[in-house]
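Listed next: structures, encoded as structure tokens.
Presented sequentially are two complexes of subunit A, the first with subunit B as partner and the second with subunit C.
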Partner chain A sequence: MNWDAWIPLLVIASSLLPGLIIFFLAEDRKRLRTTLNLAGALVKLALVCWMLWGVYHEHHYETRLTLLPDLELVLRAGPLSLLFLTLSTILWLVTTVYAIGYLEDSPHRSRFFGFFSLCVTATVGVALSGNLITFLLFYELLTLSTYPLVVHRGTEVARRAGQSYLVHTIFGGALLLLGTVWLYTLTGTLEFTPRGFLNDLGEEHRPALVIIFALLIAGLGVKAALVPLHGWLPQAMVAPAPVSALLHAVAVVKAGAFGIVRVIYDVFGVDFAAGLGVTEPLAWLAATTIIYGSLRALFQDDLKRRLAFSTISQVSYITLGVAIAGPIATIGGVVHLVHQGLMKITLFFCAGNLAETLGIHKVSEMSGVGRRMPWTMTAFTIGAFGMIGAPPVAGFISKWYLGLGALEAGQEWVIFVLAGSSLLNAAYFLPILHRAWFQEPQDAWPEEHHFGNKETAWALLLPPLVTALMALGMGMLASAPFSPLGWAQFISQREFYRP
Partner chain B sequence: MNEDIYGIFLLIVVGPLLLAIPALHSRVPWPRHLAIIPALLLIVFPGDASLAMPWFLFGTGFAVDGEVRWILVMSVAVWLTAATVAKSSRRNPAYDRATPFFLLTLAGNLGAVLATDLVGFFSFSTLMGYGFYGLVVHAGDAEARRAGRLYLIFLIVADLALFEALLLAALTTGGNLQYVVVRQAMAGTSSSQLYLWMALAGFALKAGIWPVHLWLSTTFKSAPLSTTLLLGGVPVAMGLLGAVRWLPFGEIAFYVLGMVIMVMGVAAILYAVLMFFMHAPLTMFPVWGTVAVTGLSVMALGTGLAHPAVWRQYEYLTYPFIASLGMFLAALTFAIGRLQDKRQAPEVDLQRVEVLSPWGEGGMGVIERWAEDRLLILRSLWRDLRLKAVEQYQRIFDWGKPAVFIWGWSATITMFVFLGLVFAWLAG
Partner chain C sequence: MGALLSEISWGVVLILLPLAGGIACFLFPRAAKVLGLVSVFAVLLSVSGLGWNIKVNGIYRHAIGGWNAPLGIDLYADGLSLLMLAATALVGFGISVYSADYFEREDAARFWPIWLLLLAALNALFLSADVFNLYVTLELMGLAAVALAALAGGRDALGGAMRYLLASLLGSLAYLFGVALLYHGFGSMDIAMLAVRVEASPAVWAALGLMSVGLLLKTALFPLHFWLPPAHASAPAPVSALLSALVVKGSFYILLRLWLEIFGPLGGGVDTLFGLLGTGAILWGSLQALRQTRLKLLVAYSTVAQIGYFFISFPLAASAGVTAWSAAAYLVLSHALAKAAMFLATGNVLRFGGHDRIADLDRVVQRLPLTACAFALAGVSIMGLPPSGGFVGKWLLLQAALTQDRWDLVSVIILGGVLAAGYVFKVIGHAFTLADISHESREVPAKMEWAALLLAFGAILLGFLASPVLSLVGIGVPFGVSEVSP
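Let's look at the complex of A and B:
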């Protein structure tokens, strides 16, 4: 193997090895654990930057390991995988800093950070997968590594949430496996290929391909929280805030949405899938999820639960973008993979800060909190406006391309879905902002902790500020070189225009 | 175009945004006034200038020319007055809490004035809109909250309508959203009717034009003078400016739509006149004045849509008209507000005069306290002088109500004469 073939493996190893070592560290080895966590995250970031530069200059990074005869584990860095890989790597670094601050002095930190690193390893594996079987392996590893994080608190509610998560995702994994095996028997290959590898199949296979598509989407739809497979996500918000941030913005939900993008682009191919008549029902399913998630969010008083339903709604923008099956909507869907991640992780970090610093868990307890925690609520405000789609936050860019793409593809009904969703987003985010900034604070906070003259600990405050600034920057500097938008345009061009 | 003033262009927007951070503006004297200085510099800078920002959003820019300068002058005058009025009431605890929203609104307003394309205008006017919400509700009472709620609903619906219009424009032009390009492109496309309706609805909601003026009247009732005097120069003027910049006036005739809009303008004026006579506490006078004046503007816009040739002939007057409209409404609101303040004072009370004084304790108040501590004789002399000055001031304003009444009648008669002339011209 040459050096370029080692890099994808090193990216995987940069979180796997620290994670395995951390499992065996005693609880009081705080400094070593922190060093391993941060060193792993920084090494991974450096390797990803290296690959970004390389892919931009037409380098080819691919690792092939034989699992079984005719079945290989393939790790490959292409434009789409690098987009997701960069997102997860950057957000892992930020979430690690946040988790270090959040779990200060709490028990079972070695176990937590061990599984945390495994979870990121699996996500990175999902991003780099070069074929469907590799994707499936890492997808299941992701399920197994996130379960202990969901039940980390060890309470009865956490155990129930973990159980629900496991049942849902294992069921989804089984459907995905079934679809993958069936596809393999039909084609003899599972290699991700730009514009798909099913074009040569005859007409007689169309009914089977429709069922396989449904199986794959259902399997992926569990993690992507498509209605009616979304039940686990609102329950899983009992997990600690860094885990919620990871589930909603970086790992699990995103892995599902990324999988749907992969299946449509690199397994079926957009044109082939549209010809099969499967993209339109998927677009309707995504639209239903968008409106349903927003409607449910409207009635939640628990802040994290409201954010969880918001995730259900927002992640389906990605599915909607690819299901519209046009070049401009593709840009909107793919770029929202990054934008939603940044905005949602900001909101979950802020929710964690409110809970850890003031004991606030409910929207009704947030009166006047903007005066007590102005920086946290500034970050929250940026994230919320991004979710609404207000310019110049990144969410505006996503909605712009989704709307434009829908008009270009002649699917005007999507405009009404986007408008309805924006209205609902405003209806459930703006009252929070009004309460936080304009209402008088209550006499005492539910459970206040003091951090000197700071509003909260630096490790808790910096991550949401960094991610909020990134969400703002990615909106304002959307046309700058190397922006996620530019990368998404590159991906769309490859899918639709390159010979 | 002169490209030597990039720094001023950026400071006009970035300055207020940075000053909006509480840790910064609490350490700077007169932050609201300070934030307006770059715009003032741009006004006095000779000649036209522009700044291209291809990296910002989808590639936008700022520019100032003879037309934009009209709006900029009006905006700076209105904002300076509002900043000064607000400073005079800074003993109110809500003052400090309102400062970030004041500065955000200012940044959005000036950005929208200078923006060279639709996305830039939309983005900055959205910032302006949400910032203004903070000014509407910052008093914190039930009436302010109701006004804020109404304003927010209108704002969100307006932004959605404008967003749809933007998408239609981008689809038609292939992404080039410069004002001129959009106006020309939208004149010759099948989606121009939908675009027109969306943009008109959006700007009517933003400017509070009759019959969607509800937020305007509620805000006038509940907000302090420092906010209400911004209404004419900021949301109303920006709504009209947006309509002029976005819609293909002078490019194509939409006769029926134009006539419908003209009728709505006439109805707005009649409604304002009627409301003035039926329900006319002094504080509501600026509301009906605004509704009437915007009705007049709507009539002009309708004329432009129905008769492109007329629009092209008088197009050069649009920016001075919007600027003078904003200035007039701000002046009217200011005058009525001050009159109201004076009339509410039960007797000439020096303590109250200090609060009402536009300069507050930062200027004369400090000197007065210094005199009180050290020079008792001088203080007594000073007090007598001020008492006399305030009595004079009050006497002038005692003439206010009859003057306003006379002004109202003469304005109404003038408007009816004007309407008659317009209809005679249309018929002939």
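Let's look at the complex of A and C:
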């Protein structure tokens, strides 16, 4: 009996089973629900650490189940999978703690945590997928399990946001399905392979492959919020803060970006895709999204909406990094997958804290909030500086490698995009920081809650501090072993240099 | 044990058992519920027995009374028959468990005998090997189904049942004319013999036309679907489930059989016509479902749309036979489970809230989480999202369409899925809106909720069982020899 074959399945089960049990728990079984949630998250973390150690020592973790006559459901832990997997696992743990604090005493908690666990199951599945059909399966599961979270509040606005989310993702899913089946009829395999599995395909299939690429990217671009498919994301802001945090940092948006990385590296292969001439339009699209998102963010007064447009812009760094199609830019793009997740989740946690503690939803209400909630705003500040790309926060590392990579690949225009975006980031984050730290507070906060002599509840305060510290640490200790940057370099090496 | 299992002639058991059960229910109305449940469960076991038999010995053939065809009557079962029998037994058992709590005393006494008669007719239909027997079972099935549809009484139900009766009779009559033409021309009614003897001639074309029209009418393929929504929507929930999940499949099975054995090789563009009608069904049915305001009608129109998918396989079968037919078989099976679950869930909603207006569903759905979950899971299969039986079916269908560059059909398949998502979420969305809970309601027994949920779960589970199921269906090579896979 080989246990290595079962670990990926166990990773999936560690959130699926608690989720299914939680659905059947009564609302007031709070302790049991919390125990299940945290136990699942910790077990998953332990399993992931085990696999990290194993993969480092050249073990192979792979689960195969037959899905269709010639197609298998494959869960495999490769370097790229593990990068995303580790990110989701850590952030799930943190977000669970946060959500328990955030949803204290609100209705429908069993339903919420049930779908929350399903959502993480789907994300983890996306990370571990070893072929395109497995990816598709979990990608659709992600759509289905996040919809209830987006509409969780049950208000009219939430309903409309949910509808918009569905319309976008269902169409995206349909395009992805079409692209996947088409690819399968051409190649007879969907197995993710370093440098792609299309190299042996004849010249005559090139036009078809270009269309397939477009279909796949359009399907994934919906979740990755590429302009013009981004419409659902700002609307989905009505969801509770932990959901927004997870949606923006790991689950939905990242699943899309991760999918794009997969398609370019492990389906088409960078060189093959560049040869087809499809990476350059994608790079331009990503650049447009980066600038567009930043510009829109400038004019949002609603804090979560501003962060949402910022996400649209920041996630496209990942796409840009892989679309530049060079080894160094790849490092920048892939590592940003992790960095953006940590920084953005910090920002959303902080926004949630402000809303939950003081009733602040708008930037214009934030005057002097730094004095009332210094720790929260410290975390926010770290996150914001990271987004701008200021050293030593992790965001700097991503931008540095993106810039270097663009120069190395001879695409100087990218530098201007990066610089412009950094300026715009500064233009929409610095005023918030200035207002929070240096302006006089108003007479009363919109809706203040007191938590003894602390600024807010522990469960709300700790998660953003932890993630902010991690973002800081990944910037300062970027070249330490096992850092995301190290993994990203490993992945890039495998894609570009290995024989 | 194994020897004993293959000694028994399961085919005969499958027909006599529900018949005897039905008569017993009729004679002892007080014990109808228990007798009915026991009979259906026994049928389920017998199907497993037959399955075992077929898996070990290959095609099952039994000459009743020892007289072989053409003089006697043959029972015949290959993988395809087994699939239909299994679907009927599984779904039938789920619906029976549900009905045990749904129908009260008098209704129960009426429901169980007719349902068991219907079950006997369906089993006989799937086991028949000649076109005349198919006619007899088709007629029996139709009459039993109409009786069930009229069970609720009331003007709506009787009106719907009346239309259903007329459509059904007209359908069987057209079919019978076709049978007569074939018998006159080729002197046999055994499908296997006809397959050898039939060659293109005006009489054969006329037979094909008559039989197809009759069966299409009974299968409710667009534009001959007019009788289905009222009949399915006005019947009691378990009956709607039976009609939508099983009865329309009966006539489809006959059509598929005739096509595979007799008419398919003739060619002649009929498959293109079927494809066109299927396209029409998908689009029209989905759009109609989208604009319904009553839940039951929405589900009924969804059936109209899903039937369209079965017919998309005909034009695709020309050069991707096994893939296309496997897709159809898989869609039939998963639709049976999912649609039964949907109708049962709808029945729970109706009982709980007393209405099925979609706009006012909020508080009902939210207080029946298991039912909402059943509807959602069934919806996943209907939409064709993974993992589900519906996904497997659509994947195979898309694969068959793409290998032949049939872009028209590809876009219809995709579009149908998107439209289905539209009407499923139109309902599911209500599970999450804010609603004040101040509503008088009638309790729904747990068994009714679980029956719906387990059927829906079965449709999801099928998403992981494609290989074993398709290899069972392949026994006896009902779909011909495999083309080279891509």
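Convention: the second predicted complex is superposed on the first by the 498 of 499 C-alpha atoms of A that agree within 3 Å, B and C clash if a C-alpha of one lies under 4 Å from a C-alpha of the other, contacts with A are read in each partner's own complex, and residues count from 1 in each chain.
Definition applied: a residue touches a chain if its C-beta (ideal position, glycine included) is under 8 Å from a C-beta of that chain, and two chains touch if they have at least 3 such contacts.
Remember, predicted model here, so these are calculated numbers, not experimental data.
Once subunit A is used to superpose the two complexes, subunit B occupies space next to subunit C without a clash. By the document's definition of touching, neither partner reaches A:25: not subunit B, not subunit C.
When the shared chain is aligned, no partner comes close enough to touch A:276: not subunit B, not subunit C.
Touched residues of subunit A were counted for both subunit B and subunit C, and C has more of them.
After overlaying the two complexes on the shared chain, residue contacts for A:459 are found with neither subunit B nor subunit C.
Shared-chain residue A:415: touches subunit B; no touch with subunit C. Judged by the touch definition given at the top, the superposed model places A:390 against subunit B, while subunit C stays out of reach.
Rounded to the nearest 10, the angle at the Cα centre of subunit A between subunit B and subunit C in the chain-A superposition is 170°. After overlaying the two complexes on the shared chain, residue contacts for A:403 are found with subunit B alone; subunit C is out of touch.
Of all Cα pairs spanning subunit B and subunit C in the superposition, the closest are 44 Å apart. Subunit A residues in contact with subunit B (one complex) as well as with subunit C (other complex) do not exist. Per the touch definition, subunit A reaches subunit C in the complex via residues 23, 65-70, 73, 111, 133, 136-137, 140-141, 143-144, 147-148, 151-155, 158-159, 162-163, 166, 170-171, 173-174, 177-178, 181-182, 184-188.
Contacts from subunit A toward subunit B in the complex involve residues 371, 374, 385, 389-392, 396-397, 399-400, 403-404, 407-408, 415, 419, 422-423, 426, 430, 434, 437-440, 475-480.
Residues 22, 54-59, 97, 119, 122-123, 126-127, 130, 134, 137-138, 140, 145, 148, 152, 156, 159-160, 163-164, 166-168, 170-171 of subunit B touch subunit A in their complex. Residues of subunit C touching subunit A in their complex: 369, 373, 380, 385-387, 392, 395-396, 398-399, 402-403, 410, 414, 417-418, 421, 425, 429, 431-435, 463-464, 466-467, 470, 485-486.
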